[in-house]
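Each of the next two complexes has chain A plus one other chain: chain B in the first, chain C in the second.
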Partner chain A sequence: MPFLQALLNGILVGGFYGFMVLGFSIIWGVMGIINLAHGEYVMVGAYFAWALFRAMGIDPFVSALLVFPVMFVVGYVLQWLLINRVVERPHLISLLLNFGLSISIANVYKLIYTADYRSVTVPYSGSFELAGFTLPTIKTAIFFAALAIMLALHLFLQHTRLGKAIRAAAQNKEAAKMVGMDIHRVYAATAGICIGLTAMAGAMVAPIQPISPFMGPLFTVKAFAITALGGLGRIPGALLGGLILGIVETLLTIYVPGVGAKVGTAVSFILLVFVLVTRPQGLLSGLRPVEEGA
Partner chain B sequence: MRRYPLLFTVLLIAALVLVACPAPATAPATGGQEAAQPAAGGQEAAQAQEEMPKVIRIGAAVSETGRYAREGGDTRQGYILWMEWVNNEYGGIKVGDERYQVELILYDDESNPDTVTRLTEKLITEDKVQFLLGPYSSGLTKAASAISEKYQIIMVEGNGASDSLFERGFQYLFAVLTPASRYTQSGLKALADAGARSAVIAYKDSPFPKSVAQGAEQWAQEYGMEVLAVESYPADINDATALMAKFKELDPDVFVGAGHFVDGVLLARNAEEVDFTPKAFMLTVGPSNPEFVEELGKTSEQIIGPTQWERNMAWEGPYLGTAEEYAQRYEKRWGEPPTYQAAESTATALALQIAIEMAGTLETDAVRQALLDMDVVTFYGPINFDETGKNLAKPMGAIQIQDGQILVIAPEEAAVADLVYPMTPWKER
Partner chain C sequence: MTDVAARPTPSPQVPEQAPLLEIEDVYAGYGGDDILQGISMEVYPGEIVCVIGPNGAGKSTVFKAVYGFVNIRKGRVRFDGQEITHARPQEVIQAGIAMVPQLPSIFPQMTVYENLEMGLFLERDKRKIVERIEYVLELFPRLEERRKVMAGALSGGERRMLEIGRALLIQPKMLLMDEPSAGLAPLVTRTIFQNIQRLNREIGLTVLMIEQNVRQGLEASHRGYVLELGRNSYQGPAQELLHNPEVRRAFLGGR
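Up next, the complex of A and B:
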């Protein structure tokens, strides 16, 4: 029973990870760009939720819905103005550009909000019992919201014109151009959706984590590890990778005495190295990561 | 390739923008900005300087932003309160027959050890301060005191409690507060007396919490409790549910969480989330601060915390009166009740003042000797430094949050309320 409870805790954390990583995974899969500013968009979403909660008492889950359109526009414009210009260049350039963006965003937020830790205290924190298990209320809500959003994203990619265009661009850029697609517009829309989703994850995490301008890099590293684990650009891959990381972190914390919590945090790095060496395409082979010669 | 020049230009512009953007925001520049304008108190003192030529320059780098923003803010307010009192009411520090006004230079160390060392060096070499007061937290005090020791400048501090600070053989570092290893002593004793028989300990992986945890383990065993687990967690922890779930399985009577404000809030929240309900929940730093109650609401109820000082303790000294009189003065000045971090900061500066007056000179070695010889009682409690610079004369208290009030429950002679034990489970609140 303790083991099953631990597993359940890990799954709840993992479900959030899977959702948090979607934007990172799809941008990588579709454009071949490693978005080093990923964690900063989580941070932006968290501050958005904090500011609305602070000013108007708006619930973070409502803020998550509000932040999506805002960050969609931001992501679209950023991609249109900056990243589209380097997307066909060697990968190092987009990597540097995103690295610069991440530093800029974090420091601009530090200037605006200072480096103080903020928190959002919602009245429904706590837990409830179900079938003998203890379920943390907020994390359970995040888990199911994450699953719902993943399902919605899946339907969007499968059944809408834009969704199909995004998949086409990911599968074969040249062919997509040949049939007359405006590939840069598709890229911009992709970035908008991805960054919007990432900020949503940030807004949802606001009530369970201290918020500070420099909370981003930890998310980026975890996103990297999860994506490498699960394979690029696929929703099931993101979910699987997230669940594995969440469960491994939780179990290590519980079963390694003394330093378990520290080992749990380090494990994403270890997993990353391990997977890159043994199975570079990820556990579920996803989209082709990079074109040859790039 | 035809687009190459255009792309190159765009990249160049982008690069320039990116280089320009973070620059004013990085730590050194912000520190510099801050440095250009000393704290409000410093300016007031600077004005006073024009009329009165005799001035003692005292400096400190204290967190205004970052992880220790809250505690650092209390520290600053404590220092400034002393400075205003000594300059305006007391009439300046007595050095022999002369009166010296105090100019206090405060910088924001951003809760960052690199910044605190840089600013401490700046205070000594550029601002030419004669004495230093400590930053907030053991980690930052450790970093800052390494610099002051190098330049042989006296640093009196009241917010670095880790015992490890005083195991380095430093000559110029003095702390007025009770060291970390004794933080949990009176609280654990009260709990043992109430019937607690087992404990688990979690500590943040940094100097102060580590000392607290080592002390807690020792005291728990001494008072007949079985220590079921001692776990460390990383300083940048953002989720402790797994840790709390682990403790839940061990089912201890007492939980001791050694850390600072932010992680203390996280530990309490996560304990509630996994419904880990020990009979007593003890956290360092957080519970004695009224903001802890605001932040956690009903979750904070009945949490126990060690305290260096509370206003209803019976201390009284020749300067600043009794503990309660100090608290009233503080409330009048800052519009909020003093935390113990504020009180110990005022006491820190007061100890330096007393030493200078005892020495009758500003010369470092004489003031150092006066600090070693000092044996006084202040509003904050007795101050008597041992040869390593620690103050072992002052006992540590324990508080419990009851109906949103922070009440002293131990030691017996200072207690104003009875310990509630066992605590009400989270779910029945």
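Up next, the complex of A and C:
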């Protein structure tokens, strides 16, 4: 059953994609900001895991837990000092600001770590058999970790005071101000959580992804494609979009001869263009114009 | 139009007493020329007062001046014996004035109950939050029935009730309502006004509202103020205004 095996591989990748995109999708949904530096935070998380692994042999999954609080603070401060200043201005300004940030981050990392590709080789990089399927150990672990984190995020958004404030700010900014929310603090916390989660995804993917300062943009494009497929700001939508991208990528790589892994990376571009041409509002009408929600 | 006597006739329901809200000769605007050019108004405890007037008369600006959203250049605002002329919005809320704005202020993808929770966002005492929400849900049986429904799935009238209910959570002494009938069908508008009157009777809620829907607004009110070009033009008991030939000609399409 090679098809089912391929499908399974796609689902495993897709679960990771659904998790990787959350930060991008929520920042867009809550603040109307398109975070072009999204992929750079994946990269930062990957380097974090690589550095800790090399220096102390710390497992990337442990690094993922460690990188969250660090990048939460970074995201909070960046939002507070920089992005909150332009959040009410036309989108082009925040877009350019994040574009500038993405270039700066990538080049600072190039200065520190050079442009050489790095890798993290964990001892459990093999695979195991289950019910006739071959499951790559790392990807399976990432998949379930991603689902667990999505569940945790869902519970956080539904049941905590801050989570409810984030949802409220996304749904009606003026009303959120009216009931006494400090909208800029809500935004800063949102950015902290989103960037922390994105870096977590980067740390987890470190063992299966060549790490370089310029790995970011590909993740940003994938985030765009997943958001176009699954919609904005909702966890189930992110998971759905991630699964579609993961499955399409994997199946294409396996079943279209000659293109192999090279087109695999172009699939997200192709999907994105296809969705935007046929359904500019997104596959599930989730790509609402940013300003309208206010 | 001629000026009517400065002293308003007290409503039949309201005994002679000190006004709850007193707006005295207020001049205010958005930085350029004053929009309000000497507005005066009084609202007595237990009254429903309706402010009418053509577009640009300064109706909404009066509310913004009370709430601290525009700067008052001259004149005074007192509420419940306290000077709030230059108070910030947060202080106005604490003084006991709640506001229901004209634009939708619900959170559509949160339940009715969660929307009410958000109305007490600054309150940390969980028991108090639950108590107040239950109190409001008792006042609005329709909301009680729909407490777990997403607010976005409510009808226009139910949404407006949710907004009113949420404003009542802070147990205000007075409610400012900017066009409670905006965007609602006439029958729904009637229900909303009936609810405002019911709250006025049941919990003695004092209401100051702006209305474009002059007839229904005045019919639901004890007294009314007519504003024009930032000045007081007419004032008096609502019934009297409804029968005033000038008011009828200007706002009710009558002769």
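Convention: the second predicted complex is superposed on the first by the 281 of 294 C-alpha atoms of A that agree within 3 Å, B and C clash if a C-alpha of one lies under 4 Å from a C-alpha of the other, contacts with A are read in each partner's own complex, and residues count from 1 in each chain.
We adopt the following convention: contacts are C-beta pairs under 8 Å (C-beta built on N, C-alpha and C of every residue); 3 or more make two chains touch, one makes a residue touch a chain.
Fair warning: this is a prediction, and the values are worked out from it, not measured in the lab.
So, A:181: does it touch chain B (first), chain C (second), both, or neither?
Only chain C; A:181 stays clear of chain B.
Using the touch definition from the top, say if A:138 reaches chain B (first), chain C (second), both or neither.
First partner only.
Looking at A:108 after the superposition, I want to know if it touches chain B, chain C, both of them or none. Which is it: first, second, both, neither?
So A:108 only meets chain B here.
Look at A:126 in the shared chain and tell me whether it touches chain B only, chain C only, both, or neither; answer first, second, both or neither.
In the superposition, A:126 contacts chain B only.
Of chain B and chain C, which one touches more of chain A's residues?
Per-residue touch count on chain A favours B.
So, does A:168 touch the first partner chain B, the second partner chain C, both, or neither?
The answer is second: A:168 touches chain C but not chain B.
How about chain C: which of its residues touch chain A in the complex?
90, 93, 99, 101, 103-110, 114, 117-122, 166
In the complex formed with chain C, which residues of chain A make contact?
161, 164-165, 167-168, 171-172, 174-176, 178-181
Within their complex, state which residues of chain B touch chain A.
By the definition above, chain B touches chain A via 7, 10-11, 14-15, 18, 21-22, 24-26, 64-67, 69-70, 110-111, 205, 229-234, 236-243, 245-246, 249, 262, 265-266, 269, 272-275, 295-297, 299, 426-427.
Spell out the residues on chain A that touch chain B in their complex, using ranges where they run on.
Counting only chain A, the residues touching chain B are 2, 5-6, 9-10, 13, 82, 85-86, 89, 93, 97, 100-101, 103-104, 107-108, 110-111, 114-117, 119, 121, 123, 125-127, 129, 134, 136-139, 208-210, 212, 215, 218, 249-250, 253-254, 257-262, 264-265.
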